[in-house]
Every structure is written in structure tokens, then in C-alpha cells.
Amino acid sequence: MLPVDLPGTVRDALLAPLVDHHCHGVRRDDLSRAQFELLIGEGGVPAPPGTTHFDTPSGAAVRRWCAPLLDLEPHAPPAVYLARRAELGAGEVNRRLLAGAGVVAFLVDSSDRQGPQDADVLSAAEMGRHGGAAADELVRIEQIERDVAETAQLGVDYLDALADELAARAARAVGLKTVIGSLMGLDLDPARPTRGAVIAAANRRLADPKELLTDPILLRYLLWSAVDVARERGLPVQFHSGFGADPAGLSAFVRELQPLGVPVILLHCHPYHRQAAYLAGAFPHVYVDVGLAPPYTAASARVVDELLELAPFHKQLFSSCCRGLAETGYLGALYYRHALAAALGSRLATGEWSTSDAARVAHMIGSGNARRIYRL
Amino acid sequence: MLPVDLPGTVRDALLAPLVDHHCHGVRRDDLSRAQFELLIGEGGVPAPPGTTHFDTPSGAAVRRWCAPLLDLEPHAPPAVYLARRAELGAGEVNRRLLAGAGVVAFLVDSSDRQGPQDADVLSAAEMGRHGGAAADELVRIEQIERDVAETAQLGVDYLDALADELAARAARAVGLKTVIGSLMGLDLDPARPTRGAVIAAANRRLADPKELLTDPILLRYLLWSAVDVARERGLPVQFHSGFGADPAGLSAFVRELQPLGVPVILLHCHPYHRQAAYLAGAFPHVYVDVGLAPPYTAASARVVDELLELAPFHKQLFSSCCRGLAETGYLGALYYRHALAAALGSRLATGEWSTSDAARVAHMIGSGNARRIYRL
Amino acid sequence: MLPVDLPGTVRDALLAPLVDHHCHGVRRDDLSRAQFELLIGEGGVPAPPGTTHFDTPSGAAVRRWCAPLLDLEPHAPPAVYLARRAELGAGEVNRRLLAGAGVVAFLVDSSDRQGPQDADVLSAAEMGRHGGAAADELVRIEQIERDVAETAQLGVDYLDALADELAARAARAVGLKTVIGSLMGLDLDPARPTRGAVIAAANRRLADPKELLTDPILLRYLLWSAVDVARERGLPVQFHSGFGADPAGLSAFVRELQPLGVPVILLHCHPYHRQAAYLAGAFPHVYVDVGLAPPYTAASARVVDELLELAPFHKQLFSSCCRGLAETGYLGALYYRHALAAALGSRLATGEWSTSDAARVAHMIGSGNARRIYRL
């Protein structure tokens, strides 16, 4: 299972069920090759003529590691893989791959289910059932704002409805999530916007409620509203970070949050994971995710190893960032375990760490830290 | 030849002739030690008193790998190396090293040949003859602008002449190249500048045509003019990136180019190659170069390995970025092959990839992708 | 001692006494567990409930490597380690660890000794005595400014006093140090501020002299004053860099300094060490530190290896960045030696370097470069 030879307690710790603290639902329907390729690729567009999204790190990983779960040889050609996937049917494939991930609890951002494709994506509860695991909800705050913007009439109503809806949704969730980083970057002015500025912005917003929200005043207002709810309910706030959203920009905001005691969880972070590790070391309420978005799982070995030499062990969390394809959930867990196995193996081989510390840290990152922070 | 033991097909794929899709001419004259050291060093200034540019990663690489091609032992002392180089003469040294690179086609940015040193640098055709390879031209657009600025009288003439000259030079080239990144960074406003603003800027420019062009309006206008020509002729545009020019800043511009179908090729990229890999994964028309500028070839193993875990395989290209010394062309090819050999070797050893995929990807990156993009 | 098998001359070069060109004093008093944990952690705040700063890369390193110097088994539990530390007493612990570092000269930034804890931190001379080494002073220029601001009455007096005090302190030091990077970042306007602007800013400053200096005009004025003194006395200027202070931003300033011949030494740099390596390669007067701040020593292997493939060998310097705990001085030296041993070992194993070059470079980075630059 694991690529290196390890003492029994460390191996057991690595193979113990994981808390996948950030994932999305996967498609329930049978997919054509074109649909499947779009979900492997990152840009949401087909590969250029003469090429295929299978010729990517994630495409190669699917053929290597997922093929055996569909009873195929490793490295099965794309056509063979997809034929077998169709033969088994999406339900069976999802069950095999999600259960194969060895996850005890999925924390699911279900906002992909909004809009026309609702029915095509598994709900949080269904993710749990397919994977033989518990499941809880994460609330993506920009999704709430979109729902509110589409129904509110006046700026004041909008603000009230936002507060109500955030509170109502948070009451059923284990954490909040923001994608402000991909909407305006993470170099945030830490001050709360004034009420006057917010109402003016809200009135502008309501003139065009279908647009993607990019107004920095409203985005920051939304974030602060989420922080207030998170503080009240003892919930952490997840921040999407990574390309275009360097978590280093979040320093001032994070410092502002420190007295409030709201945990800040930095998701993905690659290629800025070293900056995220710095924040996790410097601030007691900041955490860092060692899970990588599907296109980057092949980079896990390097990233997991670097975080282990840079960030406190009680600040690191596993996630698969599974999305669309159950393959990504399986690969996220598999590459995480392989990467941590290699990192611990080399520390044990040189005597840098003891066996009991290695096993203990594997438990912390795999599930213990998430149980503590999300109060599971 | 290669530092790791590999299956025959993979070894053959690695040793197959390369397309060096971005290089410069090398000096044809015999060089003094001071001249040679200036060309190893990066800043164009002599090493501080008591030190030598041979005590750098590139200096060590020359002594290790080029010495044997001049019939010397590996690690020959600098004085011995330079004495033997002088004895053989620049012509023979250039032939041995360029042919030793195992290149089937050089794509050459010859703009270094402008100015007082013209005669000292091999032309594209000469690079090909010395290296036993085909050779094609790349057009550096900022060089064209300089030529035009020195002869035009009025802003309007300047714009017409620029368009004419770009079209004429592109007709004889396989690609365009811009160094806008080192002149104003890559954080580009993606909008086309207005004609009024351009003419005003052009008139200012003509008051001082010998100056290095740094006006952002003209630089962006020049780039858009190049894009128009590239689109018309089906040519890719190479972007110099790297220190001071993070390709992440190019996102908005690249998005603007997507519907035009003009391939964008990110050169060097180090230390921002992870950001470049992201763009190559997210946009169908973006490519990333695994060749490093000469001072960084020693870093190839790490960079090639990281790109292989981050970027689509059909988006990666080899280049040597050879410049001034034929040693840099030889070392670029050698370090690329060693790095890819190590990266593929470790994937084969762990069963992560199949032998046939490894050989196929080596062919793609070494020459196949370049043949497709440059239509060679 | 060293984790890899190396030829005798290389081993000897690695184990030869080091010049630790940047460190701080350590605490002379016996420390409670809470005090000790605060000095392992980075943010100066206790670990969150249910966690400990021992569960960090530096905490693990203390237990692994320092425990044996206190006659304990490697990986001793925190409580056992701290009990033994208390039993031996801080003086004996400091002597064992500082002497264990194998340092021939400490260059000490003693500005931590200012303020209420003065007596608790060893002076430069005491660091030397405890470590069986020579010791010299580094002058942190922002500390001088604070002293001057607290006594001056008028802007003009302030400027005179600053000049006098810089000159007087520099006369007793081997180098100057600035933390401007952590006060306003390193993206510096390279121009000298005008005298009028400086006097106006100084008068504002004197209205609130206890505040941390963050005025960009005064900070840049202070830096230029330091450069003038450094130039007159032939001293280098150390720049704190790293998280929040990317040395890439320093390019324009560094270019301005080039004709003055004042050496610029970039400290820490992580995670921007590749950018620092670029500057060290491009500018004859720029140097780069391979020592990492204590929380990052576990990352040394990677950073030392990367710098060795990117920066000139005559531009790299060792430091421990020791602070507060003698453990950090010992670990800084140990991880540096292990990291360089591994990096040289792999270059020797592949034949990339010769034995004599490896030994020579180890001497250069360990002490030779520092002796040359600081004129020790």
C-alpha cells in the first residue's frame, strides 16, 4: 500500500481513516470522454488539437492508481479506462473510489450544486453514504451572497438578509469558506468597511445581482460578517489560496482576527505553501492544508515534506479538494499518504524523529487536528 | 551518458536530437580569460577582487562537463581549460560543443548581433552549420522597435514603419519574442492602448530614440502589434520571464489572448516556474519552457521534476537559452537530459509511470511539442 | 557527526570552526517551560490549548539534537529535557551548546539587550566567552534611531545626533544591520530623500519618539546615512529579509549602491532565497546568507542545496541567527553542516564536483567568505 517500509505503528497511523476537511461533490452521472477530460483539466476547456488532458500529471495518476480499483492493470490506456468506467456505472465507480480513499468524515462545500447542474453532483450526505463515512457541510459565503442578491430589493434588506442567511446556514455547518482570494486576491485591507460605504455598494450591487461579486467593499463586508458568525458559533473560516491569491497578503487581516480567536484555515496554498507555513507558525489561530487541488496532487511529496519542516505539526490538515470526479478524492488521499510516508520514512531512517513521534504526527495531520478545530 | 539506468526506449528518447526552441548566437572569436569570465557571470561585471566567476554553478559545470569535449580531464582548472580552448580555437570549440549538444534545430534570437559586436556573434545559419542542425529565426520585437525609432520622423510614420517591419521580419521567422517582462514587468494591463495615446507616446519616443524603450503604452502597443502579426501568420509569441518578471502577472493578458489562438510561450520562468505551470495547465494556448538560463542550469533537476508534476506534458518545451559561449548550449542540453533522466527514472522505479509513457513524454518535451507549435 | 560518508578533506572542511556572521544573545537566566516555549515559537504567543510549541520543527530538533549535549537520549520528552536543563543551570547549558556549535567567531546583534530585559541576555563578549570564540558587534541602525529619537529635541538636532551616533557605534563594529524590511518591506525607492522632507519627518517623529519607526522617509534616510558610514569605514550592511520582505524588491536600491562598493548581505531570505541568489549572482557587492532563522533550520538541507546550484560560492555565508536560546545557535551550526554535507556528498557521488573543490567551497562558505567581507 505504502511505497516505503515503515514500523507498524507508523504504517497504521498512516492507513487510519482520514478526515477530509475540504472537498466538493462528485458527478453522479455517467460521463462521456469529453466530459471526463474537462474534469481532469484545469481551465474548463478542451485540450488543444492533437493533445489530451490525460497527458497531464492528474491524467497519468488516474491511469496509474485508479485503474486497479476498476479491476484494470495500472497505466491502462484512456479509452480502456473510460470503457470500464462506463461498464461499471458512475454509482459503482463512485462507491469504489470514495470508499477506497479511507475517509471517516467528509466536510463538503456543496456550492457547486447551485445552478443548472444541481442534480448531477452528490450532496454532502450522499458523499458520506458512497464513501462509508460521516459528512458535514461547509458554507461558502459568496454563494450565500449570490442567493441574497438575487432576491433582495434594497441595500438595507440585502444586509439584513445576508446576516440572517449566514446565521441560518452556519447553524447547520461545521465551518465557513471564502473564495475572496480568487475574486480580489488576498492582499486585504483589514479594516471593516463603514456602514455607509457598504449600503452604497449594496445598492450598486442590486442593480446587477447576476454578476460575479467583485466589489471589494462588499466582499470585505461579507467576510467580516462571516467572521462575526464564526466567532459566535465557534466555527473556523477556510480561505481559498494559491495561484493569484498569495496568503502572505493576509498577514494584516489575520493579525486583526487574532484577538477574536476565529481559526483561519489556508487551503491549497501551492505554490505559496511556504508563506502559509510562516503564518501558521506565527499566529496561534492559523492553520495550513497539506491537500492539493487535483491538478497538483503529483506535487504532494514535495509539499508535504516542506510543510513538515516549516509548520507546526498541530497546524497541518489533510484535504483531498475532491471535485467532480471521485478519482480526485481517491488520489488526494492516496498521494497524501504516500507523501507523508516518504517524509516520515526519511526522518526515521536518519534518526531525525522517533517512531512514536512519527506515528503521533501522522494521526494529528490525518484526523486529530481536524477533529479538534472543527469539533467533530 | 545518462546518470541513471533506464530502459532502452526511454534512454533512446532522451538521447534523440532536441529542438532547441530558444537560444542566442555564440561568440566566434577567441576570448581572453576576462572576456570568458564576463560571459559566465550574470551581471556583466568582473567578479570581486579575490574571487572568480569560475566559482559559480556555471563555472563548475563548464569545468566538469565541457572539459572532456576539449580532451581534458573533468574538473580541469580554469587556466588549463582556457589554455586548451585557445589552442583549439573558437571555431573548433564551437563546433565540438554545439554538435555535442545533440540538437536537430536551433531557433535563434539574433538580436544580440545588433550594435557594435555584430560580427562577433554567430548568425542563426552559422549556429546551425556549427551544430550540424537546421536553424530558424526568432524575431525580438523590441529590437525591431529600436531600428524603427532610429529612422522614423513622425509618430504616424513610426507606427506604419513598425507594422511594416514586424510583418516583414515575421515572414522570415518561426516565432516572435518579447522581453517586455524585463523592461516593465509582466503585470500587464491587458487592454489595447488607444491610438491617440500611442501617437502621443510615439512622438515623445522619437525625441529620444536611442534610449531603451520603457514607455508602457508603446511597449504594450508593440506587443499587441506583434500579437496581430502572430495571429495572421500562425506564429507563437515567446515571453521572457523570471526574476523581476513573474508570469503570474500575465494572467489577464493571457486570458485576453485565448480567443485569438496565439500560442504564448513562457521562457525561463525560474524561480516562478510553478506559476508558469499553473498558466500552462489553465490555458490551452500557454506553454512553458523547461530550459534555464545558463547561470541556473545546475538547478535543472529540481525544475524539470517540478514541472513534470505540475504542467501538462504537451505544454513543456526544451531550450538551452545558449548565449555567448557554446558551453552554455552544450550544458543546457546536457543538464536537461540528465534532469529528465532522473525524473523519469524515479517515476519508473516506483511504478508511477509506464516505460512507454516515459519514452513518449521524453519525445514530446524534447522535440515533438516544439515541432507542433512552431510548425517545423 | 555528519550524516553522510565523505572524503577526509571534505569532512575536515565541514567540521572546521565557523564564523557565525549573524546572531543574537541568548538568555542567561533559568527559564520556565512557558518561557522556553515562547522562545521556540515564532509569534511570541503561547501555543493554542491542547498543543505545544515542542510539536514544531524546532521543538523536534531540540529534542533530537540538543538532548544528547545535556546527557539525555535523543528525542527526550519535553518535560525531561526541561528538567535536565534546569538541573544543569542556564550557564552550563549555554556553555555546552554554544561551544558545541564549533564557532570561531560570533558577530552579534545585541539590540535585544535594549529595554527592560537587558540583563537577561548575554552580551557579545559573553557569547564569545561561553562559546570559546571571538566576538564582534553588529550595529542595528533602527536601534540607534530609537535611542536618538528619545533624547533629541528638534529635527535638526536629531539628524546631527543620528550621524554622530551612527559613526561612533560603527567605529566599534564589524558591520551594520537594518530591519527596514520588516518595518516597510524591501520594495525601496532608491533615491535619497531630500533634506527638507527629512527634517519635516523628523519633527513629526519627535512628537512621538516611543513609537516604532515606520515613516518611509526617515527609514530611507537612516539607511542612506548607514550606507555613508559603511562606505567610509569599509563595513558591509546586513538586510533582514524573508517573509514580508522579498529581497527582489531591493534590486533598484542595490543597483544604486553598486558604484559605492558597500557590500550588501541578505539575511535569511527564505522563502525568497532564489531571488536572493539571483541578486548575489548579478551584483558584485551582494551576498546571501544560508543560515535560516531558528524556526526554519529543519529546511536547511533544501535551501543549502538550492543556493549551491544558484549562487556564486564566494557569495554565500553561514549564520545561525541564534536568538534567546543557546539551542538555536547549536542547531543552526549543526543543520548547516548536515545540509552542506548532504549537498556536497551528492555532488561527489555523481562526479559533478571534485573532492578538492568540495572542500574548498565548504571552507569558503563556513568562514572564508565572512573573513574577507568583514575583514576579521
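Labels A, B and C are assigned to the chains in the order they are written; within every chain, residues are numbered from 1.
Quick note on the criterion: contacts are C-beta pairs under 8 Å (C-beta built on N, C-alpha and C of every residue); 3 or more make two chains touch, one makes a residue touch a chain.
These are the chains along with the protein names UniProt gives them: A, B, C = Amidohydrolase family protein.
Bear in mind the structure is a predicted one, so any value in this text is a computation, not a measurement.
Asks: What angle, rounded to the nearest 5°, describes the rotation that places the Cα atoms of subunit B on subunit C?
Replies: The rotation relating subunit B to subunit C comes to 120 degrees.
Asks: Are the interface residues of subunit A and subunit C largely the same numbers on each copy, more than half shared, or largely different?
Replies: different
Asks: Taking each chain's centre as the mean position of its Cα atoms, how many Å separate subunit A from subunit C?
Replies: Distance between chain centres: 37 Å.
Asks: At least two other chains touched by the same residue of subunit A: list those residues.
Replies: none
Asks: Considering only the defined contacts, which subunit B positions touch subunit C in the complex?
Replies: Result: residues 3, 41-43, 45-48, 50-53, 55-57, 60, 64, 74-75, 243-244, 270-271, 295-296, 298-299, 302 of subunit B touch subunit C.
Asks: Show me the residue ranges of subunit B that touch subunit A in the complex, using the header's touch definition.
Replies: Listed in rising order, the residues of subunit B that touch subunit A are 248, 251, 274-275, 278, 281-285, 306, 308-314, 350-354, 357, 361, 364, 372.
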